[in-house]
Amino acid sequence: MVKAGIIGSTGYAGSELVRLLMGHKDVEIVWYGSRSYIDKKYAEVYRNMFEIVDAVCMDDNMEELADQVDVIFTATPQGLCASLVNEEVLSKVKIIDLSADFRLKDVKVYEEWYKLEHKAPQYLDEAVYGLCEVNREAVKKARIVANPGCYTTCSILTTRPLVAEGLIDPNTLIIDAKSGTSGAGRGAKLPNLFCEVNENMKAYGVATHRHTPEIEEQLSYACHQPVTINFTPHLVPMNRGILVTAYASLKPGTTAEEVRAVYKKYYDHEKFVRVLDEGECPETKWVEGSNYVDVNFKIDPRTNRIIMMGALDNLVKGAAGQAVQNMNLLFGFDEDEGLRQVPMFP
Amino acid sequence: MVKAGIIGSTGYAGSELVRLLMGHKDVEIVWYGSRSYIDKKYAEVYRNMFEIVDAVCMDDNMEELADQVDVIFTATPQGLCASLVNEEVLSKVKIIDLSADFRLKDVKVYEEWYKLEHKAPQYLDEAVYGLCEVNREAVKKARIVANPGCYTTCSILTTRPLVAEGLIDPNTLIIDAKSGTSGAGRGAKLPNLFCEVNENMKAYGVATHRHTPEIEEQLSYACHQPVTINFTPHLVPMNRGILVTAYASLKPGTTAEEVRAVYKKYYDHEKFVRVLDEGECPETKWVEGSNYVDVNFKIDPRTNRIIMMGALDNLVKGAAGQAVQNMNLLFGFDEDEGLRQVPMFP
Amino acid sequence: MVKAGIIGSTGYAGSELVRLLMGHKDVEIVWYGSRSYIDKKYAEVYRNMFEIVDAVCMDDNMEELADQVDVIFTATPQGLCASLVNEEVLSKVKIIDLSADFRLKDVKVYEEWYKLEHKAPQYLDEAVYGLCEVNREAVKKARIVANPGCYTTCSILTTRPLVAEGLIDPNTLIIDAKSGTSGAGRGAKLPNLFCEVNENMKAYGVATHRHTPEIEEQLSYACHQPVTINFTPHLVPMNRGILVTAYASLKPGTTAEEVRAVYKKYYDHEKFVRVLDEGECPETKWVEGSNYVDVNFKIDPRTNRIIMMGALDNLVKGAAGQAVQNMNLLFGFDEDEGLRQVPMFP
Amino acid sequence: MVKAGIIGSTGYAGSELVRLLMGHKDVEIVWYGSRSYIDKKYAEVYRNMFEIVDAVCMDDNMEELADQVDVIFTATPQGLCASLVNEEVLSKVKIIDLSADFRLKDVKVYEEWYKLEHKAPQYLDEAVYGLCEVNREAVKKARIVANPGCYTTCSILTTRPLVAEGLIDPNTLIIDAKSGTSGAGRGAKLPNLFCEVNENMKAYGVATHRHTPEIEEQLSYACHQPVTINFTPHLVPMNRGILVTAYASLKPGTTAEEVRAVYKKYYDHEKFVRVLDEGECPETKWVEGSNYVDVNFKIDPRTNRIIMMGALDNLVKGAAGQAVQNMNLLFGFDEDEGLRQVPMFP
């Protein structure tokens, strides 16, 4: 039985991790970290866990935790994981970091977009970007897994095959993304109040959202050239779900069959990426509660652009589910262990 | 491996049954019945099932089905199950009927409330009312299980212990119930359109809702006297969830401790009924996607009435989850097999 | 042109008052009070007011305000209005208080339910309870109008005619009320976050909600005897709207025609109270954005109880609209001036 | 008093027209056309109109209607208006057509995108495209006003100034649009059910939506060259509102100040178009219930693209409000008569 500790277990991503790990046959959570709720029963913070989780919230003590567990998940604000990790910790446990601390290889890019000094840049090189469909083998051997962002996972899985195969010009890529509100976290802020979000839609972080360089970096690896894109996130009045609509110029003469063949080549053997039937547009509800990403595309012959679409649950494949998938790779479990939830509809 | 067939697999309750049975280790669905979608791929009707269910929808042929499966679930409009069931069918398979056909023992009451002639009244006596927490032993031996209604399950589990123990006067009972919209089914009707339901709340079926006699009958068994109640359902702009607020006159002198002790007596050993901590009001979100029912109460000393509250997911404990629970009893599986979902929040 | 000042103009009720007064031909707002946003442009707090309101938020200085305006609306937390009002202020302006400070005649009841010392009990007697349909003539002559609560307005208008005419036993009255989330205010609190409210329903303040004594007091005036009721509020995932479902024992032998005649007697000449056609249940969406209250009833002959239903928009007839209606009475305007909005559907 | 008739008064756009005209001091509705509800009271179809509209629904007889009214609004499916209009009708009344019949000048384009034979192509030339901010003078003299589509109005007003002034390359324009569900109409169709839309988001009509050629035609007039764009509509779980996010390559060297100056030049004198302050992203809730369009932009120097954003209420400025605005121009009323609603928030 693998022992797991969660630092930041009372945010939405942390609580989703608890939900998923409860159904994982080979893992036991032994540390529910939460600086805000120390000594409070976890089930009093999340009443859905009543009679399911009996534990009490603990402080964020990574060193002590490292002695007690095999894997630490950090579902915390940016900067915390980098400030806690050190060689002694890494000699004892695996770290799966759901924050952005180890996602970008270039510390300058990190510090520019996150406006934070990075406290452990020495681990940037060894940290593995935990997008399992891309870095499966590297994840298995990692000490630190940088769990990708929610927008990023959806954007990359939706567009990467065409970028990698040269079917689209990556520098024409425009990603218009729409997210449910749980992505904004559980902080008590006015813009996240029900009455401010409900019956409302808006863009935010236009041209400045922090997931932009993460998408660009990963796509540049795929095509071996620098990539600069437009990325615009939007807030949608729903709890869960990310929908990505991505636009790019298609290599002249490319047919729908060729595009489909490329998607199939990359994803036919991937359980969690579903290439939908021709003509079907992904819907966030079709993946809710599950680790699936649904992708599809449409070519517009009038403009010779391709519209690529992807949908996932931001708390599962966009956060906690992907973290569990990474953990499964790290410990040699079936990759879908604990992740066999059928999407819940309606 | 138990083989299951579903008649009416493309309604919301039917599709929830598919979702749950996909996660049940001892059951295989071999017949996806759906009169409306014969020969259509199930995953084209419910896209969330893409690459999960490969089957095609079949007709509602109960006799043929009886030869192929061990258990038949009927998630169909009232009247259909009663019109199909017969001795030959019952000699071959177990029937779990999610419609109302076998819930009421008195055929006259059925015909009065449902405005339908009952086609198989000869089985009313032997059918077992499948509220597992009440009729567990009888269910195990049944040929026909009448799966309770969603409002009914929530109303009975919330109030029954106090009725049974004589702590409340059953004829003062007023049940004000609130339901998510999936309870209205997947029929394309104007009142169920998004724009008609969203940002709206209303009562409906006031003093005439068909779940009323079902609640009354079951409560009358608990207190060995006729029970007549008020029951008012309301439509709430959410997909899932039923919340029951029930009012009754409390036996003079009864303390909160005594009431709590009664709830504990009935439910301490029930996995799926959670008696919340003092002062906590049940919320539908805390049980969403799971088979739990959360109950609690508050005494108002000013009026000497008690306010009892209960919450469940209408598609799980209120329909498909309870059906699986009944199936587990029928076939000797662990009662929570396939039903260990942690509630999904948010 | 009547000059109006608003203390607390940046809460939801305050901003609704701004919206309504913008369309009132005889009133000009000259003071947008808001302690939290002093010196900030009002339209930066409420972007819907961009290019409509050009003013800047001011402090809550009632004495200075009294010199500048003819009427002061206080849309503030309990206690503030009572702490500011004095004889000098009252000699200069009319006060319409949207808080609870002057709603209850008995200072002990106020202090018990609100856990606050009342700072101006000397004005409790003269303050007029501003439910226009009940106290129209008294309002016209008032110096202080106590604008009723949202739950209260809906509960009283729905039940009062039958209480007044002795058709129901007031001490059997049970009021189950459901409210949109704007009733909880614009404070940045965790329980009001989108993800906590959306797809969720719960009761709260069970047996302890502060609108209870207000309803009881007003109903006791109607029937000249003390009234004690059950009142249970619920939170609904929608922005606006209150729905009241009220239950009471009907005077034996009373017919639906008699009940309807009583409602008609009280409301036929009331523009803002609509007695719906037989069989129609009020829906909150039918009154959204308007000052209407829709009421209707159903008799359950099986229990001899009557189910009374009412719906209003909590921010209009439940707060700001009623305040404007009171102002119209105070200044001799048409009672519906500024209140002719047709309900917005969908 | 201008007499108005509405053909198609029981769709969502038709009923919004009723709501707005009820508040217009110079207009009286004398004909509530609705083929589906002939002889039914209008207020029974839309209960919000109870005690406000007393009329009964009539058939769609344009010739009879022409004798009784001064202006006819057709809020009907494509094809109907074109099939009814003729010289005699036009000699008697003004027509404001909310369908697409007279929006496109080229009958071949109409027939290709709408898959319909056009029954009155002889009026295409004289019909005026009723986007008041663009064609104000022409509207005043028109016999037939082609009221623009909801997506179209938002897309054109958001992007047209920059297209007209040559600041963006129109053939790089990508419009990603998000709409509330009332845009899908009041038809009882499965995809519009509450449970299918709520908590869900999807694109639809990708590369084939009928508003595409309408946007292209109008933008081509602005820049005097053919324009081909990408347009992708999305369905959002809310009742009202359209949000447009538009991307285009910016003329090299253009500054934000220059862009802002262009928007100001076009819209400073337009009451209904609000150019938001720098850095503010339009939100649909800020215009709900009103005739406003909010626009703004952000330049991304990394890609040298500009992101233009616009928001409106699809039923007001996107349909009925714009129709009233056109009527005001036709009859010489103040352009904002009946359209002074302050946006409703929350």
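Quick notes
Labels for the chains are A, B, C and D, by order of writing; each one numbers its residues from 1.
Methods note: a contact is a pair of C-beta atoms (placed from the backbone, for glycine too) under 8 Å apart; a residue touches a chain by one contact, two chains touch by 3 or more.
No experiment lies behind these values; they were computed from the predicted model shown.
Counting C-beta pairs in contact across A-C and across A-D shows that the higher total falls to A-D. For the pair chain C and chain D, the fraction of shared interface numbers is greater than half, so the two copies use mostly the same residues to meet. Between the CA-based centres of chain C and chain D the separation comes to 36 Å, rounded to the whole angstrom.
Rounded to whole angstrom, the centroid-to-centroid distance between chain A and chain C, based on C-alpha atoms, equals 46 Å.
Centre to centre, using the average C-alpha position, chain A and chain D are separated by 39 Å. Touching of two or more other chains is recorded for residues 12, 182, 195-196, 198-199, 237-240, 283, 285, 288, 346 of chain A. Residues 171, 174, 176, 178, 180, 195-196, 198-204, 206-207, 228-230, 232, 234, 236-241, 243, 245, 247, 281-285, 288, 298-300, 302-303, 305, 307, 309, 311, 346 of chain B are the ones touching chain C in the complex.
Residues 12, 181-182, 186, 188-190, 192-199, 237-239 of chain B are the ones touching chain D in the complex. Those residues of chain A whose C-beta lies close enough to touch chain B in the complex are 12, 15, 18-19, 22-23, 46-52, 182, 199, 239-240, 274, 276-277, 280, 283, 285-290, 294, 340-346.
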